[in-house]
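Both complexes below contain chain A, partnered by chain B and then by chain C.
And then the complex of A and B:
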């Protein structure tokens, strides 16, 4: 409850701050919209020359892509700016003042900045997704729908946890450009349907660095009968990654040397 | 004892590298580390209500000590207890009782008025409504910043910003306050205001205040007790007046002259030394030799004015840090 109230403060702050910089606010929204159009357009063009992609039809793929946009918008809204600043906080010693506050430091540094402009884009992403769903030959079903929402949120969480795991080494290395770049190149695998990955690569991308789980698995709800093993797989991996991240974070804090004044 | 430090040591491992690109490549393959000792065997006790000044050169280990006490970094060795807690357990209970103020680092939301940030702090520290109201009123009043609380922090002057930062750090009425350079960069008026405020606050609420500052004025004005740190070691812990007394042995006598003699006479180095200026000569000596040195000087000159000075506290501490008590 207390954490919810704290989060409401963050929301309030972010909106009042975002609205102070109006031009920047609208510009960011337009940038993201262009990103959405490019993404959908890419697959539209692809499907001009092929009837199916890894077994998915055009309308199925568009549901997948709009799910990706949804996860991306959620991530951008809730976590992205925090994740962007975190390495600097650790490097320049700005973590100090967060560490002295009587609340979870992880909570503060992960959720402090809510991106109000991306929140507007989230609304667009929801719109695009609803449109994609109407294109699909699919009969609406509430259970599927709720499950989908749960899995998308799980995907956002998994994405956050993975990104944290790639940021935390900065406690030791002081510079995490390498890790970060690796994370973002790996991140491309989120944007592709998971069925295109075969063999050992598939194993890596669904267990060790489970990027392929983030969007593909939720999207599949609408065009495959979901199996329990799929859900178990998804939640199991999230829990394990979460525990790894927390352990890693604690070790990082222990090694934190805090740049001197 | 409210703060207890025993045999505290902290070493950092610092990667070293020879200059240039070749050095960088070499350090990529085989990195050499240098063990840097930030703190060595420091022991210290502070009681509730004490205000202690922490003094040392840059890199002496002051900030490291404060950061360990605040639970930000882990020590390599030794024990620390703050109000009965181990600070680097970072329990919420202890963190609610302390405050860390760093003059060089802003902690409030830059783009918002301070009052907005205070609302968040109220939630973070779970401050009761009544305490919150009375603290806001009290602090805004003594700091004289009622009107600035509704202005975006980034639009405030440096002095006003320090005041709103101070206010934010003290809202929850902490029992332990670590103040790292609270007056850095402020003009004299603002420095004076901040000092006056700290003095009042200390009198009113009796927290422990551990103050690090490069401005000797801060220390002189606020702390009866000082702790000197040199290269990570605690070299003095005691009353400020004791240091002054020890160095009070030194005397400087300024003799104003109508005319500087062409042939500048010398003085027996056992008695003291002369330092020549355009309109005066300054005699440095000890209290013991003062009479003899003056007698000798008066034979040489007929000064139109004489002043005898004790060395300033800055000079005292500086020479103390350089060579210790003689």
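And then the complex of A and C:
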């Protein structure tokens, strides 16, 4: 309850700060909308030259892409700004002030900044997803829909955990740019259906660096028979990654030596 | 050549190589990831169509396309986003107002140093990847294609510097401008053919894309490396860029001059 109250304060501060810089607020919304157009445009153009992609039709792929936009918008709204600043806090020693506060440091550094502009984009993403669902020729029920929402939230959590795993090495490496760029390059694998990955690459992207699980598995709820193994795979990997991240975070904090870290 | 030019280049090179672990993780990691994902995607597309070639590209050539396109993008984009806006915010441009050189001239040199360095990386990777994906012996056409491609990329980079400067200079009036540079990157990548070869785009869009500078910046250089474009197409692309360059140059100069009157040191 205390954390919820604290989070509501974060929301209030974030909205009032965002509205102070209105041009910036507007630019960020436009930027994300261009990103959405490019992503949908990519598959729309690709499907001019192919009847299917890894067994998915165009309407199925568009549901997948719009699910990706949802995950991206949620991540941008809740976590992205915090993730951006974390390496700077560690490098400059600003983490000190977070460590001394009487709440979980991980909670504070992960959720303090709420991106109000991305929240607007989240509404656009929901609109695009709703449109994509109307194009789909499959019937689904309320259970499918609720399961989908749960899996999308799990996808957002997994995305956050993976990003943290790529940020935490900054405790030892001083500069995070290489790992950060590596993470964003890996991000392209989220934007593609998981069924295109075969052999060792599939194994890497669904177990070791499970980027391919973030969006593809939730989207499959709408046009594939629900499989328990798929759900167990997804939740199992998320739990393991969460434990790895927490262990890594604690080790990082032990290595932290303030401003010279 | 002015005496400070080499000094600026050497300082910038030292900055690029300052964090070597970052540098190699970045370079090799990004390249391999792009390659594997593109290969997986296009294998699925080729399989769905039951073909071994699409729009003149085999799977191996397509893979090479997706190796070259991001490297060309990186080369063309030179110094990272914020190369000018950051200095406007923190007052760093004060020094250009007192130094006996033009700020945009200096910034274009630092920008191009990154481009030249990345171009060397690109050509090295091309030599290796060309052998992996096309084991036929290297021919004179490979080298002329690479040479024309390299020249065009440098011209593209110089043109892109001025487009990006226009976005960065908005920092004189706005609080945050990195979003504009990211928008530019999305648009340039998509319309330039970095995400999808332009031969897959609808025919009705192609004449419009030809008028914009992005095709000449990405698609044509990739095709020159792949041997899918000839000297005439390289010349046409160069002329497109040369048509845009003066307009962008004068617009940047004009914007800089207007902004200089508006500038009040730190705290913009």
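We take it that the second predicted complex is superposed on the first by the 258 of 261 C-alpha atoms of A that agree within 3 Å, B and C clash if a C-alpha of one lies under 4 Å from a C-alpha of the other, contacts with A are read in each partner's own complex, and residues count from 1 in each chain.
Operating definition for what follows: contacts are C-beta pairs under 8 Å (C-beta built on N, C-alpha and C of every residue); 3 or more make two chains touch, one makes a residue touch a chain.
These numbers were taken from a predicted model, which means no experiment stands behind them.
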Touched partner set for A:147, first chain B, second chain C, both or neither:
neither
With both structures fitted on chain A, tell me whether chain B or chain C touches more of chain A's residues.
C
Between chain B and chain C, whom does A:201 touch in the aligned arrangement: first, second, both, or neither?
second
Determine, under the contact definition given at the top, whether A:126 touches first (chain B), second (chain C), both, or neither.
neither
Classify the contacts of A:94 with the two partner chains as first (chain B alone), second (chain C alone), both, or neither.
first
Where does A:13 make contact in the superposed view: on chain B (first), on chain C (second), on both, or on neither?
first
Partner chain in contact with A:2 - chain B first, chain C second, else both or neither
first
Contacts from chain B onto chain A in the complex sit at residues 12, 59, 63-64, 67, 70-74, 90, 92-93, 95-96, 98-100, 102, 104-105, 107, 109, 111-112, 116, 119-120, 123-126, 180-181
For the complex, give me every residue of chain C touching chain A.
19, 21-26, 29-30, 33-34, 36-37, 40-41, 43-45, 48-49, 54-55, 174-177, 179-180, 182-183, 186-187, 189-190, 195-196, 200-202
Spell out the part of chain A that touches chain B in their complex, as residue ranges.
2, 5-6, 9-10, 12-13, 16-17, 20, 93-97, 99-103, 105, 254, 256-258, 260-261
Chain C touches which residues of chain A in the complex?
21, 23-24, 27-28, 30-31, 34-35, 38, 41-42, 45-46, 48-54, 173-175, 177-179, 181-182, 185-186, 188-189, 192-193, 195-198, 201
